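Here come two complexes built around chain A, the first alongside chain B, the second alongside chain C.
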Partner chain A sequence: MTDQTRISLTKGLVAAGLVLYIPANVLPVMTIVIAGEVSDLTVLGGVEEFAQSGLMGAAGLIFLASIVVPFLKLLCMCWLLMLHGSSRMRPQRMKALRILHQIGTWSMIDIFLLSVLAAVGQLGIMASVVPQPGAVFFAAVLLCTLFAAEIYQPRMIWRPQTAL
Partner chain B sequence: MKSKDPTELPAEVEAEIIPARRRGFSWAWLFPILALIATTWLYWDNWKSRGPEITIYFDTAPGIEPSKTVLSYLGVKAGVVESVALDEKLEKVVVTVRLKAFAANLARENTDFWIDQPVISLRDISGLQSIIQGNSIQARARGGTNAEYHFQGLREAPLAPLVTQTLLVKLRSRAISFIGRGTPVFYRGIKVGLVRAKVFDESGQPEVEIIVAAKFASKVRSNSRFWFLPATAVSVRPGAVSLNIPSIEGVLDGGIAFDQFGPDGNEVTSGATFDLSPDEIAARADGPLMGIEFDDCAGLRAGESQVTYLGKPVGLLETLTANPQTRRVEACVRLESAYAPLATEDSSFTIIRPNFSKKGLQGLDTIVTGSRIEFEPGKSKVPATQFVGHEVHQFDWNPFEEEAGSTRVVLWAGSLPQLTAGAPVYYHGMIAGRVIESRIGQNGRPEMVVSIGAKFREFLRVNSRFWRVPAALVTVGPGVVGVEMQGLSAIWQGGIAFDAIGSPGPVAAETAEYEVHVSELAASAISEPIRIFFADGQGLLAGKTELKYLGIPIGIVERVESISGKIEATARFQPGYEFLTRKGSEFAIVKPEVDLQGVKGIETLVGGIYIACSPGTGSEYAASFDAVPAGKFALMNDSGIEIVLESPSTSVSAGAPISYNHTDVGTVVSKTLSQDGKRILLTARIREEYSSLLRSNSVFWADNTIEGKVWIFKVKFDRPALVAPNGRIAFYTPDKGGGPAAKGKVFSLLSKQPGNTLP
Partner chain C sequence: MSLPSPHILCDQCGSQVPELELQPGQSLRCGLCKSVVKRKRKTESFQSACAFGLAGMVFFALANIYPIMNFSVAGNTQSNEIVTGVKVLMTQGYGMIAGLVFFCALLAPAVYFTGVTYVSLACMARGSLPFALPFLNLVRRAEPWSLVPVLAAACMVSAVKLDMIGVVDWQPGIGWIALMALCALALGSLFDPAEAERRLAGKETLP
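So, the complex of A and B:
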């Protein structure tokens, strides 16, 4: 894979991630039915639910992990791509990419939790958790950022841009 | 930067890069394009499935929540509530529902919407689903064609929500009590519809609206009659009371039934009005109104009392009016149309009331059903509507007619049975005659005159015996208690039966007189009397106490007298049992005995005590006997070896079982003191089949322990007084030595089990 391909692939993935980020946050991620009460939860709705029930810590954590972090990853990738080929802030870019790689390890935790919840939370008529299309989009956003960060390699920060 | 130098780089390199960049460009940008397509498709699909928005106004909307509550049609999610709001006057709830595209046709005029919530009433449980899934809005399309987006929600779920083709019929009644919404409507026992509503018509009369399913609509005819079906009906017939429950559904609040009597009328259209009668009889009585005058209407009830013809209900008493001028009561009745033509000018109407008289019970059924009016059609052909009623005393409706050629027989007894005229006289179970009258004869004794039919005349012999047949006969045998009913007519009063006991004698003369015996046994006990002397005659009853041989009643005590400190019972046997009067025969009173070891003579609890007989072996016959004590008698028939057990002191008493290796082989018969008063002598009897176990060297001991097994532990109880109140005796015979034990041999009774006998 040439560096050129890597660059365009990263750009494509970041763009796709930005597009998918909207439905991922607007569409419900899951439907929780507890004792007849049906609630469709979006990611933000889930945060709200936690905040309302007083679990500010949990709400903050989910808000960070599910909304802020993916968005920041996308922004960060945009920044890296924009500065690609220039020699400005190379150490900072390097550090940012390293952080992205490290965070990337944990980014699918939300989807993992949801799949566990959907599998376990089948208590018949009393309670059930059903994943909704939003979850697919959410997973797609995370995959996009993950692959984008993986494909854009640190050495490409240091190499002078050949053509753009 | 070097590569941009045009002098150093060949042109081909430049040309090579451009297509590569183009290829990379188009390929990588597939991702965002795919993402865009997926997103737009999702949104477009969502938008496409959106149908029109409708607004429903509800009086109350419990449990309706925006974006959660669904609109369900035929069980399918056909829309979602978008918003819930109140109107400006705060009177209605405005619910906005976004229909799905496929359900767009629900937005038509006439569509009904209601909120499905759990309803739990005695009759039904509906909306169970909503308990689990929350309330929902339900819809029912009724085939409207014009589009409509604003609806008035129904207050409650409509009945038969999905049946559109129904026949609506209105029923009028003076009072509609137990009928409610959803009460079933039956046609010949089949549920064909439901009560839709209880309303008032324009004139303020209560009215029931019922709907009849389309496929049964043709059953409603212009001449159909509707009536209330009570929740449970108790019907009383002579000899039977039956509880009639039309259906489980109807148990709670009854129902409405309809049918037409007579030829089918025309079919009716929706909205037809009928009368609702209080019951089936009233519904059937649809003939012209007829007036009857009675002196006294006691027992009659307007709207309830029936008019019967030969006992069959054919009409109903509608109104009763007392007329002060004539001092008579005017009753208005209606007959069923089939019987109405029978009411001609010489017809009669008679009030039937329960009547207790010397002649017996009459109109007994009316005790339960209430008085009724019996209708008797006349012979005339001229129809009439006004009649003069009668009452039952003018009208002997079940007279006993004495058959021609029958014979009158005079019966006498010390005390005559309480029989009224007309009571049956049986011969071998057939009614051979009737009781004519009871009277006091010339010599002052009570007499009863019976008439025996000609057919049975030849069975009336010189030696015929008459006896009383009780209304219900309780038969008591050994261990058996049975109740016999002697036919329905005899239940009220019983009767008299006769038969020749033994070989029939010559036919009796015309003016024969007979004694009436208290029972068949007494009548058939015709042997020479014997006398039995009892030390204790408690419970002996003359004419009642039976003599039994092997449990079979074979005789009866005729007289009980006390003579010089003893009770003398005079008894007779049935023919064929004279062998019981041989010398040596034994008689003993059998009484109920209840103790912890069991119950003996249980049949005597019901049948009273009896005298058990055991034939003697003597060749001569005797006429008087001394009774033996009951305890001794019980063993008379037991064969076995009698031995004596001797002990200085023991708690074992008569009745104690004797066991060998945990098997009962005998019983202690009696407990006496030795002549010097120092020892206790127990007479014991070992049963014949076990007599070989008894040898001269057998060892006896009082077995005061009882062993049981609890799981793996052996449990021993000392002095199990509860289990064996008389005590127990066990014995053991060594394998070797000792000859056969002779009758009456004395063994000593040890107080506990000797060690050498332990297994």
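So, the complex of A and C:
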């Protein structure tokens, strides 16, 4: 794959990620039924529920991993793409890309959480968990950010600008 | 006429770094991007990597045999294994999410632990095992997608969530997942693919 193709793919994935980020956070990711009472939960709704129950640790973890990290990843990728080809802040860009690789995968916690909840939440009207379309958008955002960070390689930060 | 000194290609920025003889515990950094391009460890790291890889494989098998937790509401109980979530998501029509969970929680960790064990063995055997380089490439591909520590954290958070609804009873599977996560974290610092590649190519001396 040429560097030009990599840049084009990264731009496409980042743009798609930004668009998908909206429905991923607006649409419910799961429906929980407890004793016949149905409640739809968005990603932020799940955080609020934890916070209201006084479980601030879990609320903080989900908020950071599922809302802050994907958004920061998208912003950071935009910044890397904007500065691509210039010699400005190369060490900082390199460090940012490294951090993206290290923390980026923690966003998957919400998808695993859904998987565990759906697995044990199969008790009919007593307690059941059903995924909702928001989860698909959320997974798509994660895939966009993960692939974008994989495709944009660190060596491209140090290469001089080529005609794009 | 003196021979040109050998160089190492920095895998981060692509620049050529003059190769120097290192003492145990020393590392060589790229002059341009400051990444570590070569490291000489004080002790043989491939033995430890092989041990952790093997332990990871065993824990992986056990984590998939034993249930993670039992969840009870009003006398009704449901238990789950890692693969249960994949099956349920699949039957509910969320194949994409099921595939993602299957890949990141089952396939990639299996490939990673097996690959690291095999490549470490090959490195200790000075590259005499067949297909070590293709296995190393597989390890490189699987590593970013092997998300066992994230899965372990998700299990903890889900238990907190489920505890608000019913009764959660931990099962042995969670212990095996936690141990598997520890192995994955240890391998992240012990197993260096670049070092393994040099060793397999016969360019790396034993510590």
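The criterion applied here is as follows: the second predicted complex is superposed on the first by the 162 of 164 C-alpha atoms of A that agree within 3 Å, B and C clash if a C-alpha of one lies under 4 Å from a C-alpha of the other, contacts with A are read in each partner's own complex, and residues count from 1 in each chain.
The criterion applied here is as follows: a contact is a pair of C-beta atoms (placed from the backbone, for glycine too) under 8 Å apart; a residue touches a chain by one contact, two chains touch by 3 or more.
Everything quoted here is computed from the prediction, not taken from an experiment.
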Chain B versus chain C as contact partner of A:91, first or second or both or neither: second
Contacts of A:144 with chain B and chain C, given as first, second, both or neither: first
Contacts of A:3 with chain B and chain C, given as first, second, both or neither: neither
Which superposed partner A:39 touches (first chain B, second chain C, both, neither): first
Partner chain(s) touched by A:15 [first = chain B, second = chain C, both, neither]: first
Partner chain(s) touched by A:48 [first = chain B, second = chain C, both, neither]: neither
Which partner, chain B or chain C, touches more chain A residues: C
Common interface positions of chain A, toward chain B and toward chain C: 140
Of chain A, residues touching chain C in the complex: 32, 34-35, 46, 49-50, 53, 55, 58, 61-62, 90-91, 94, 101, 105-106, 108-124, 126-127, 130-131, 135-136, 139-140, 142-143, 146, 150, 154-155, 157-159
Contacting residues of chain B [partner chain A, same complex]: 1, 3, 17, 20-21, 24-25, 27-32, 34-36, 38-39, 42-43, 67-68, 130-134
Chain A residues within the chain B interface of the complex: 2, 4-5, 7-13, 15-20, 22-23, 27, 33, 36-40, 125, 133, 137, 140, 144, 160, 162-163
Touching residues (chain side chain C, partner chain A) in the complex: 11-15, 32-35, 68-69, 71, 73-74, 76, 78-81, 84-89, 92, 94, 96-98, 100-101, 104-105, 144-145, 147, 150-151, 153-155, 157-158, 160-162, 164-166
